[in-house]
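Labels run A, B, C, D and E following the written order; every chain starts at residue 1.
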Amino acid sequence: MHIAKVIGTVVATRKIEQLKGAKLLILQPLTPEGEPKGSPVVALDTVRVGPGDIVFFVRGREAAHTVADKFNPADAAVMGIVDRVDL
Amino acid sequence: MHIAKVIGTVVATRKIEQLKGAKLLILQPLTPEGEPKGSPVVALDTVRVGPGDIVFFVRGREAAHTVADKFNPADAAVMGIVDRVDL
Amino acid sequence: MHIAKVIGTVVATRKIEQLKGAKLLILQPLTPEGEPKGSPVVALDTVRVGPGDIVFFVRGREAAHTVADKFNPADAAVMGIVDRVDL
Amino acid sequence: MHIAKVIGTVVATRKIEQLKGAKLLILQPLTPEGEPKGSPVVALDTVRVGPGDIVFFVRGREAAHTVADKFNPADAAVMGIVDRVDL
Amino acid sequence: MHIAKVIGTVVATRKIEQLKGAKLLILQPLTPEGEPKGSPVVALDTVRVGPGDIVFFVRGREAAHTVADKFNPADAAVMGIVDRVDL
């Protein structure tokens, strides 16, 4: 899993059936110290977060297990909000 | 998921049975700001897009869930068309 | 699988149901010689390790198989503690 | 999926049971323009190609779906021969 | 799949139940020409190899299919011994 900051949203009217109604976020992955790391990704929202929130998310098939329809084809999804990182 | 621009198509007459009839696109991944990022990939079309369209797509096994036969072996597929990115 | 050092923990009160009660570690991947390699990841603890321990962990869907509920959505998990590396 | 050129073969007498009889190719991934990109990979042949052929292939679990025994453990396989790339 | 040289072993007394008895190898990935490429990985032994052997291995979920218990959580495993590479 990875730590990231929510930096935006994607609006997509025409999309595959399984993603109808899903909220799509743009996440900037961060290091544990809070520095940006690598490229932003598009991820499903699952815990109702918003721009500026620090979250942790999964990549890959695991993402589909966070939502009701396990056959949805998402490949990245937010798992929770990070309260604190202890190093 | 990733944002990309459709930059071309692949013509392949001889291919495995499960991909017969499938349309293969060449996608150039983009940053949220619209800059090219990384190498182009070959992806299945699922929402009838064309060259120049800005789309979002998945990589990996998730791609197979976008089409009728869930045992098809694609590893990248277009999920929808991007109307707008809010940062 | 990869060798890593436990360098911290993540506190997350609000998270998806399947991760309730799970302990989240920050791991710094290492080379076989013990040098840091690449970026830290957030992983599930499965064998009760603590900061400073040298462990080996999996990435990806395999991680879910280390815990009781195989449908949990983790994508990285500690597999065991490294006693010794012979090169 | 990725475009690649077949640049060699691997001979392996002693291997796991599920790969007995399989033909193993060495592929050099290419850009859409035909330039080498990244490191060669070892992939299953599924459409009877040979050295010099331009093909497209999948990485990951999808590869297993190209052959009869879906439990075989390959992680890369050729999907078809590229006739033409339109950019 | 990837070509690699066996360069060491990992000793881990305390590990998850499913890996009890498994032999863990350290592999240095190689190019087809035999040059080291990228970082070493920790992989399951499945064909009884030893230090210095040239092998080919898979990464990811495929690795689990090489051993009896398909729910084991390994993410890399040796598939066979390379006799010869023809380029």
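Here is the rule we use: a residue touches a chain if its C-beta (ideal position, glycine included) is under 8 Å from a C-beta of that chain, and two chains touch if they have at least 3 such contacts.
Since the model is a prediction, treat every value here as computed from it, not as a measurement.
Steps from subunit B to subunit C, minimised over paths through touching chains, total 2.
Homomeric contact subunit A/subunit B is classed as different-residue, with under half of its interface positions used by both copies.
In this entry, subunit B maps onto subunit D through a rotation of 70 degrees when their C-alpha atoms are superposed, rounded to the nearest 5. Subunit C and subunit D have CA centres that are 32 Å apart. Note: centroid distance subunit C to subunit E, computed from Cα atoms, is 20 Å. Residue positions 60-61, 63 of subunit D each touch two or more of the other chains.
Chains in contact form a single ring whose order, set by starting at subunit A and proceeding to subunit C, is A, C, E, D, B.
Those residues of subunit B that touch subunit A in the shared complex are 1-3, 31-32, 37-38, 46-47, 56, 58-63, 65-66, 70, 77, 79-87.
Taken in their complex, subunit C has these residues touching subunit A: 7-16, 18-19, 24, 26, 39-43, 60-61, 63-64, 71-76.
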